[in-house]
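Each of the next two complexes has subunit A plus one other chain: subunit B in the first, subunit C in the second.
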Partner chain A sequence: MADQEEQNMIDIYVMGRRYRVPEGLTIMTALEYAGYKYVRGCGCRGGFCGACSTVYRKEDDYKLKMDLACQTAVEDGMFLVQLPFVPALREAYEIEDVDPGEKDNVLLDLYPEIARCVSCNTCSKACPQDIEVMDYVQAALRGDVERTAKLSFDCLHCGLCSIRCPADIKHYHLAQLARRLKGRYLDLDSSELEKRIKELEEGIYTEEYEEMLKMTIDELKKCYEERKFEEEG
Partner chain B sequence: MIQMEDGYLYYPGCTLKTKASDYEESSKKVMEALGKPLVEMDNWYCCGAVQSLATDDIMHQIAAVRTMLCAQEQGERELVTLCDMCYNVLKQANKRMKEKPDELETMNEFLDEDPDYEGQVEVHHIFELFRDMKDEIKKLVKKPLDGLNVVTYYGCMLLRPNHVSIDNTEDPMIMEDILELLGANTIVNPKRTECCGSYHTVNRGDIVENRVEEIVARAAEDGADVIALSCPLCQFNLDYHQRVSDHKIPVLYLTELMALSFGMEAGLKKHKINPRGALKDFLE
Partner chain C sequence: MEDGYPDHMRKSIEKVEKTRSERVGKTFERMGAEESEEVLNRFHPDYREEGKKELVVGPSKGEKAPVELAQLLHSPSLIDPDEVDLSQIDHDVDILIIGGGGAGTVAALWAVKEGISPENILLATKLRHGDSNSMMAQGGIQAADKEIDSPIQHYLDAIGGGHFTNDEALLKALTEDAPKIMKWHEELGVMYDRDKDGDFVELPGGGTSRYRLHSAGDYTGMEIMRVLRDEFRNKDIPVLEFAPAVELLTDGNGEVTGALLMNLETNEYYVVRAKSTIMATGGFGRLHIQSYPTTNHYGATADGLVMGYRAGVPLRDMDSVQYHPTGAAHPDQVVGLLVTEKVRSLGAQPVNVDGEMFVNPLEPRDVEAAAIIRECYGREKGVTTPTGMKGVWLDSPLIDELEGEGTIEDRLPAMVRQYKRFGIDMTKDPILVFPTLHYQNGGLVINPDGSTPVKGLFASGEVSGGIHGKNRLMGNSLLDFNVFGRRAGMAAAKRAQKAGSPAKLSLEHIDKHTEDLEKAGIDTKDTSPRLLPEYRGKKVLERHLDISVTL
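On to the complex of A and B.
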């Protein structure tokens, strides 16, 4: 018994200190196993919110690696550090004042530092979502809002790209602007949306919602597990 | 010179997609008419807009090399640029990689996620294509630019440094030769190879204003109806900074004039000084 337990344990280093943790945990749960409590740097625990950026190195590797702590399994000999927050500057803008059709390049106007991109691709290598970050920055540089928005669609705003960038580009804020511009100016208005808003205003879900408020946690869980998806189309 | 059968692999550069869209539109139409359409690369990267001359600065050559790599991976060896700045940066960076195998090796090691660049791509400016298509151009001229006085302007990037020049650095004739085919009255002006002030436009507009004044004053003295060029930055400087000048000479891309002489209208949209007055005899 003791032997088997020994086999399944690995060593990790958290901010320089060694801990023995069971194999198979994510970085996030391994840290909690080691006694840390997350007050920042943790959100959805499901790989969607981008709050859990982590930087690590393996014992025999010279490369720094980056990932999401909630999505990556711990490995033996990992040196870990958590980033609670990336303080990258985000430009303020009024979405109604930045029509990409009226200017040569709104993205460049608001984030002029993208012109410093040297195409080193460090951003893409840092991205835990495998986004072609460099390529969307390049698309932004030539004013292609559509491509910037498309390529960056899976971005979680973890900020790792910006931390690594030698040109101090704020990739994820730039990309969010592009997606907002696409939503506001490039995509067609949906008639379905208006219909839906009207239904909601008329209280189509009020009854169901009130029922849910009365449920216990277990009832809610059951309800969630048995939920049905509407068919597409 | 170039062998691509159905056209030429084309590197646009960022400015051609924004401020200089007139240049892209007119070039595409002209090349299409010549039966050699410009085929945009599947993927490309901003050239960086300034060639870094520091001997130990490989970082700033990466973007250019990535673009060469895109051409190589598309199976092409010849790459055509329109923008003078892009031409100059790509050509110099490419030359550096060809001539310095140690730097190429360092570069390829850095680009470890990509295939190696083999140094086989050649960079050309669109004017070099025109030089090789004189007969074809002549055949397409339907509305000769009779009586239009054109002063050419080369600026720096097509001619300097000498080892990437597309023509004689001191006495270039490549634009004059094309204009002659179009039937224009070409004026050879001594200011045509002087610098417009370039990027000083960003924070020292006064320097550019002085340069531009000298260039346009001389062009006016020579009786210019329009100035012809190809560099989007020179175009912007000569066009925009005439706002403080007594002269208002339209500044056109050579390909806009070519399109007109072929009986097509292309570009002519983003000019600060409206060229339509000067060109009225040749517009429908």
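On to the complex of A and C.
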């Protein structure tokens, strides 16, 4: 960071209180600059965990916006509050017992409230990952596990969709279920993997491992240097 | 949106664009052993002697560790044993798991499979369950399941990558269990990228001789972690969030018998008695070794190393730290965040300010990182950012040229999104990178079953050492926390099934540590474990001011 004196300072309001911070920080680092030490509301600091959900409004705007504090540049005149916890109910299940091939609509069975979706699209607008949340809820309603799983793949479980939903849908829990159903039941199993596991069970690598483990470092080095790379054929 | 690149960087980008067509399909020759050694010696931060300090107390006395870690190991405990009442047991369990990332969650699931009833397990974690390095992994997980590949080849790649310093029994376990782990993930429903026959789409990684890297877009860690957490929740295993362990408890005779937790919101202590305790606290990126920025999550502060060491577990390979060759160097808001190796696996080349190639894109990590530092500081061919950071270009648009338009968006959605947020389109423009502090290669000594030399204490994941020796290959640590989380969970369960409740809970080992410090003449105001890094005020700006590069 360049010399701070040269930096432009801007005003932000943390739960209403004004702080002056340098331009060019994220909302997260701006709060730290202002003197806050996070306990809640900060996880990965890199846009992967959804711990830092933030609601904000710009000074002259009436709209409430939502984003991730660690992935959003701070702007002059932001009114900020963090939402570090979303108390949405999650349904437990046994993955063995929910084969979508055997049931009408597993997603609807576990989360019947998706039928109350009024297609207002507030969930999609709230999503910091730009996921088409409403579309996947509609897909789930039709029993389309594949589409629900694919559309929701980038979900960080930040919960902003569920907090905003007028129908009390638990979007991110629903989506998690759909993805596991796809991974387990819709995707074909790998036959190569199956084969390798059988080989291991038959112990066909046991001897080679023993030889490797007996090698001196120089012998190992030689083997290593002489490796053939797959891309080189 | 505004252009994320200022004029002087644009000028260099024009040069990169000019050379692009000549570079398509070409690659830079891999370095020979001699040149690798030289570039490591001169440019890798690990090879700076000033960065290390000899430990003067504890079981690894005489060995070297990064100065920042040594400072924590040489500090008195955060707690005053005299002020803690251990007679009131708040949680009495079979298994206590410390750390709610990948390793801890896997351990819990396998302890249940082994017959421990969920209510007799407690997982205590510092932030929320899942807030961890595991959640952040983008690139992928290694497992040798293709016909052209084998567990032996995997072993060979990893031991060479680790400069032949790996613990061989641990590495055998890692590579041999890998296919089993993939099978387990398949059953749990992890959404890996597959071809139309259901086989995994696999890529090469730095230092791997086969295409062996399985991924789930560039959210591989997140996909694995959220599935594991979902399964953990289905099993109804008790979890305490924002309740880090602050010290282990022992029986005064060298055995671990539980831990002391602290509620981060109320500052109350909780006493946990456990027949088996599993340390799964992850790495130490947030210590900012040698002032480097880091890819790690907020809670990666080496707590497990500190607590385990005080309870008597030796450390190994602490003198080697992994700097990921490609951390973001621009824009300022993302400095230090990871640019996954997969960007290079897919074909992006590192090029200098003049658009010239200077290193093979897939050297082992330490060599790749050192070569980038050499380009910036040894040859002055780096690009300087408006805030004074240096970096080299990673020519991402090349991927679409090689693999077809849309590949970048399709295979690297997380990366594309991250840059787009700050006005950079990596499908059209290259991105600027510089090494960033990434992974703790070494750690607590463990056995192949996840036990440590101290009875009652197990460890797995990044907090442990030996598996990767002095340098880990990409994709082997997601694998590591699965393989050894599982093994530790099972071994901890077996011990708990045999052992009676520990008779004694004490902090005598902390008193001993305080004495050792006094004897060694150490006087410091610091305490440890650190629990959370300190970024308040101007500290938040200092993160990438003073990277030390020696020439």
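Basically, the second predicted complex is superposed on the first by the 183 of 233 C-alpha atoms of A that agree within 3 Å, B and C clash if a C-alpha of one lies under 4 Å from a C-alpha of the other, contacts with A are read in each partner's own complex, and residues count from 1 in each chain.
By definition in this document, a contact is a pair of C-beta atoms (placed from the backbone, for glycine too) under 8 Å apart; a residue touches a chain by one contact, two chains touch by 3 or more.
Since the structure is predicted, the reported quantities are computational estimates derived from the model, not experimental observations.
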Partner chain(s) touched by A:Met15 [first = subunit B, second = subunit C, both, neither]: neither
Touching partner for A:Asn105 - first (subunit B), second (subunit C), both, neither: first
Touched partner set for A:Gln138, first subunit B, second subunit C, both or neither: first
Partner chain(s) touched by A:Cys120 [first = subunit B, second = subunit C, both, neither]: first
Partner contacting more residues of subunit A (subunit B vs subunit C): C
Partner chain(s) touched by A:Glu32 [first = subunit B, second = subunit C, both, neither]: second
Complex interface listing, subunit B residues touching subunit A: 12-14, 17-19, 43-46, 48-49, 59-60, 62-63, 66, 110-111, 113
Touching residues (chain side subunit A, partner subunit C) in the complex: 1-2, 4, 22, 24-26, 29, 32-33, 35-40, 42-49, 51, 71-73, 90, 92-95, 129-130, 149, 153-154, 156-157, 176-177, 179-185, 187-193, 195-197, 200, 205, 208-209, 212-213, 217, 220-221, 223-225, 227-231
Complex interface listing, subunit C residues touching subunit A: 33, 127-128, 130-132, 135-136, 144-153, 155-157, 159-160, 164, 168-169, 172, 176, 179-180, 182-183, 186-192, 194, 197-200, 204, 209-211, 217, 219, 221-223, 226-227, 230-231, 233-234, 236, 242, 264-265, 295, 297-299, 332-333, 337-338, 386-388, 413-414, 417-418, 421-422, 532, 534-542, 544-545
Subunit B contact footprint on subunit A (complex, rising order): 104-105, 108, 115, 117-121, 125, 134-135, 138, 141-144, 166
